[in-house]
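Same chain, two partners: subunit A is paired with subunit B first, then with subunit C.
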Partner chain A sequence: MSSPLLAVSGLAKGYHRGGKAIAAVDNVSFAIGPGETLALAGPSGSGKSTIARLVLRLVEPDAGRIAFEGDDFLALNGAALRARRARLQMVFQDPLAAFNPRATVARVLNDPLRIHGIASRAERPRRIVALLERVGLSPNLASRAIHEISGGQRQRVAIARAIATKPSLIVLDEAVSALDVSVRGDILKLLLDLQTKERIAYLFISHDLGVVRAIAHRVVILDAGRITESGDARAVINAPQSAIGRELVAATPKLHRTTAP
Partner chain B sequence: MSVLRRFLRTPEAIAGAIILAALFAMALSASLFFPGDPQAIAGPALLPPFQDWGLPLGTDRLGRDVLAELFHGSRTSLAVGLAAAAAALVIGAIVGTLAGFAGGLVDEVLMRITDAFQTVPSFLLALAFVSVVGPSLGVVVVAIALGAWTGPARVARAEVLSIRERDYVAGARVIGMHPLEIAFREVLPNALPPVLALSSVIVAAAILTEAALSFLGLGDPNRVTWGGMIAEGRTVLRTAPFLSVIPGVALVLTVLGVYLAGEGVVETTAVRRSLS
Partner chain C sequence: MTALLSIRDLSVAYRGNGREALKNINLDVAAGERIAVIGESGSGKSTLALVIAGLLPPSARIEGHIDWQTTEFRSSHSFAPPSVLPEMSGRTEGAKDRQPKFVPLGGRDIGLVFQDPSASLDPVMTVGKQIAEVAHTHLGLDWPQAFARAKTLLERVRLPDPDAAMHAYPHQLSGGQKQRVAIAAAIAASPKLLIADEATSALDTIVQAEIVSLIRQLVAEDGMTLLFISHDIALAAELADRIAVFRHGELVELGTTAQIASAPHHVYTRALLDAHIGLDTEPMLRRAGASV
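Then we have the complex of A and B:
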């Protein structure tokens, strides 16, 4: 990779709890190329979600550097940071909590278009319809309230909101973990389709190595805030080198019987 | 409408709604039934109630029609009560949202100011404010709001503190929304229900404070107020107690009506919240 889209180096973040310092993320470095999917896998409490929040500048790191599209992302502030956020989007785990409970689908998709001046007021309804169609939803949903549509539809709206600003990287924080298995496959297909057509890179955070194998090019396995293993997704999952990697693989349900009928 | 039906399910809410409806009807029809100046002399002085059906509730020391005064006084009570409560809720919600959402130094400064207002008794504050600026309806409203905004501010701040950690606030930041827009468009509307639940208490307290100010002669002198009527009647309390009792009962019923209706609204919204 000559010029990575996102390069994270030496990232660290600690919290204080009851007078004790706990390192949530400790000296983590990785890079994502354009159009690539990097998965962050690890057990709960391993710092995956904290890394997502650090990369998105929702939480400020204690140490480390984040270069995004060649610029020092940590140096951006105020209006410059808000403008650059158009290129770096996020999809949350819980599709209900990710939206204002009072919002309608149209308002959710209207906000990014308005804030970043992507479309004029008159043009926005057409853009909202196009976004809904892009993620496989009926344009009739636009006037519905967020709590009126199903979980799978909500997650599609979340993806539509994320791609509204034409980002180069989307952070998917357990984005399919809360979905039905049947819906999960469709959402993964949609994500793969978006990636091939729009060349969007994903930072895919999951504890489910089955899903990781289906979508990721490379995987980083975390434990207690540190990287224990990284490499090609298939290679790592087929032959994990670290103890935590083997544990995660063992926890993934297999589709073959181990006992005779 | 099902919301209205749910509101009217409890007897308290019905009683409150009836009292408030009667009060609003009084306020709105005051100049219809009593088109003249309520402070004009209408008959002999100190006429007891139910003697002359032209003056059903009798007359006061100067011969003014008590019923006309009661009708016109309801306007002042309602106007001051609602305006002061609205002002207190708006100020409180804005201060609480800013403090809770901004955090850090802004939070510290705003909450210490809130503390300062809260440590001064609100009636003393209103008294001092009116006696310095001078009695008029607007000043009385501001004076009452000045002592009442701290409650809503604290409730709003506490609510905002919990909402600010929700995913959708992070989502609003991720799409690049301005912090002020996040605070007032995404967070504040969702923090409002518990703040609005305070409104009945504040309206009731504001009506009482207004009456107390008028009783002490610090109400708007150009308007009839129930507090002022009670003060007027005080001098002839032994010979004509009805002059104090009638506006007193009106005041009690009004405050009771506001409380009951407020309870009904809180119940209704509580059911709605648990359903969704």
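Then we have the complex of A and C:
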């Protein structure tokens, strides 16, 4: 196995609620290779989103190590951290909450190009058009406000913003959970296409085992901040070994079709 | 089959955009059945819940009728005095109908459960009081009786430690527990019809399965009619006897769950089924070229 893109070891984060100490993430270790999708699955409160925040360094861990692109990611600070953040992007469940709703699509895409010094002022409009086309949106959308476009379009803009800085890893936290099913399939296809062509790795956080099984290479199942099992996504979901894994599979709604559609 | 309610030529438009949220809907809901209404954003499924419950804003324009099977309600409750809801009866009855009709009352004849229990529950009132209030208001129970009923209901919705929960505030409960409280309040006055509008959509898969199983049990025990509104066709199929598929405000297909899931007539229903990603769906990921 080539050296991992992201290697997390012994990650821990606790917080206090009502005077009680709660371990949100407890001794979690995993690795993601280049161009690979690793899914984190588990019930509410299992620590999935806290791990996403820790990996993005939106919160600092109590213990553990995060190596990203061969460097100690937790040791980076200031300009070095900002520069490396271009390589590690994120897409959340609700792009309306993630963006200024009154900003235009062009401005949302202009910011990362400007901040990370990826394109000169003169070059940016052309880059914005290319990004929109890359995620399957019409360049005419550039002048529209974020609140004026549909949820599916907005999530495509969020993906365009994430790939603007040419990342090697994107954290997708329930990124397709709020989408209509007819839109969801196209967004998943877009993510897979980007992965194949740009070799982007995904940390894919989802409570939906059907989607995880459809798009992830490997899965880590979490319960109460700890890893209960991990492995090939199809193998784990087809025959879960942990109690919580079996419970998640049993709870997933199943569509019984008596004849082929 | 006795229809609990018959929807005839129902159209709804909200003021503002002028577009019709529901267009010419005809639907009979049988007494005691579990019917699911499924659709994507903008399908009109939530508007349907609101118009049936009489909860649309006064500015909404409503055409058509909803006729209720009065005998179904007469057994358990007295008629709603028409004077209580003159505006609503005026809006739901067509201009031709001059006779006062039975109009069910939300909270008493219709129980409602929404997606976000935090928005349904009063954050500064104890859980016990919120449930007791429903029984006190609609069943005319005195307060000690109403509180006793609230505790029985908390046991029925299988809340851990109902005694402690009676005195708890909503913020002290988990999302799943709050939804159980919202269900207890919704059924406190023994409604004939329970409407669950995306009632499990904000919950994780495991809690969702528990709440669906609870709803199934309560509906069976109390002989309620269930209108289950969801975006999830697989979830709807697990719970409902019949499924109504809505798109852009129109009812595009109505059938038994088996027929909808296995032999859909409408191309849109087929598209929804094809878009479902279940545990038996062919994975989209091509393994070749992926790293280990």
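The criterion applied here is as follows: the second predicted complex is superposed on the first by the 256 of 261 C-alpha atoms of A that agree within 3 Å, B and C clash if a C-alpha of one lies under 4 Å from a C-alpha of the other, contacts with A are read in each partner's own complex, and residues count from 1 in each chain.
Criterion: a residue touches a chain if its C-beta (ideal position, glycine included) is under 8 Å from a C-beta of that chain, and two chains touch if they have at least 3 such contacts.
It should be emphasised that the depicted structure is a prediction, and the values quoted were computed from it without experimental measurement.
On the shared subunit subunit A, the superposed partners subunit B and subunit C are arranged side by side without overlap. Once chain A of one complex is fitted onto chain A of the other, the partner contacts of A:Gly19 are absent, as it touches neither subunit B nor subunit C. Once the two structures are superposed, subunit B and subunit C can be ranked by residues of subunit A touched, with C on top. When the two complexes are laid over each other on chain A, the CA centres of subunit B and subunit C sit 80 degrees apart as seen from the CA centre of subunit A, to the nearest 10.
Within the superposed three-chain model, A:Gly117 lies out of touch with both subunit B and subunit C [touch as defined at top].
When the shared chain is aligned, subunit C comes close enough to touch A:Asp180, but subunit B does not.
In this overlay, which is a superposition and not a single complex, subunit B and subunit C have their closest Cα atoms 10 Å apart.
Touching of subunit A by both subunit B and subunit C, each in its own complex, is seen for no residue at all.
Chain contact summary for the complex, subunit A toward subunit C: residues 1-2, 33-37, 43-44, 151, 180-182, 184-185, 188-189, 192, 196, 207-211, 213-217, 234, 237-238, 247-259, 261. By the touch criterion given at the top, residues 53, 56, 58, 82-83, 85-86, 88-90, 92-94, 97-102, 111-112, 115-116, 147, 161, 164-165 of subunit A touch subunit B in their complex. Those residues of subunit C whose C-beta lies close enough to touch subunit A in the complex are 40-41, 174-175, 203-210, 231-235, 237-238, 258, 261-264, 270-281, 283-287, 289-292.
Looking at the complex, you find that subunit B touches subunit A at residues 166-168, 170-178, 186, 189-190, 276.
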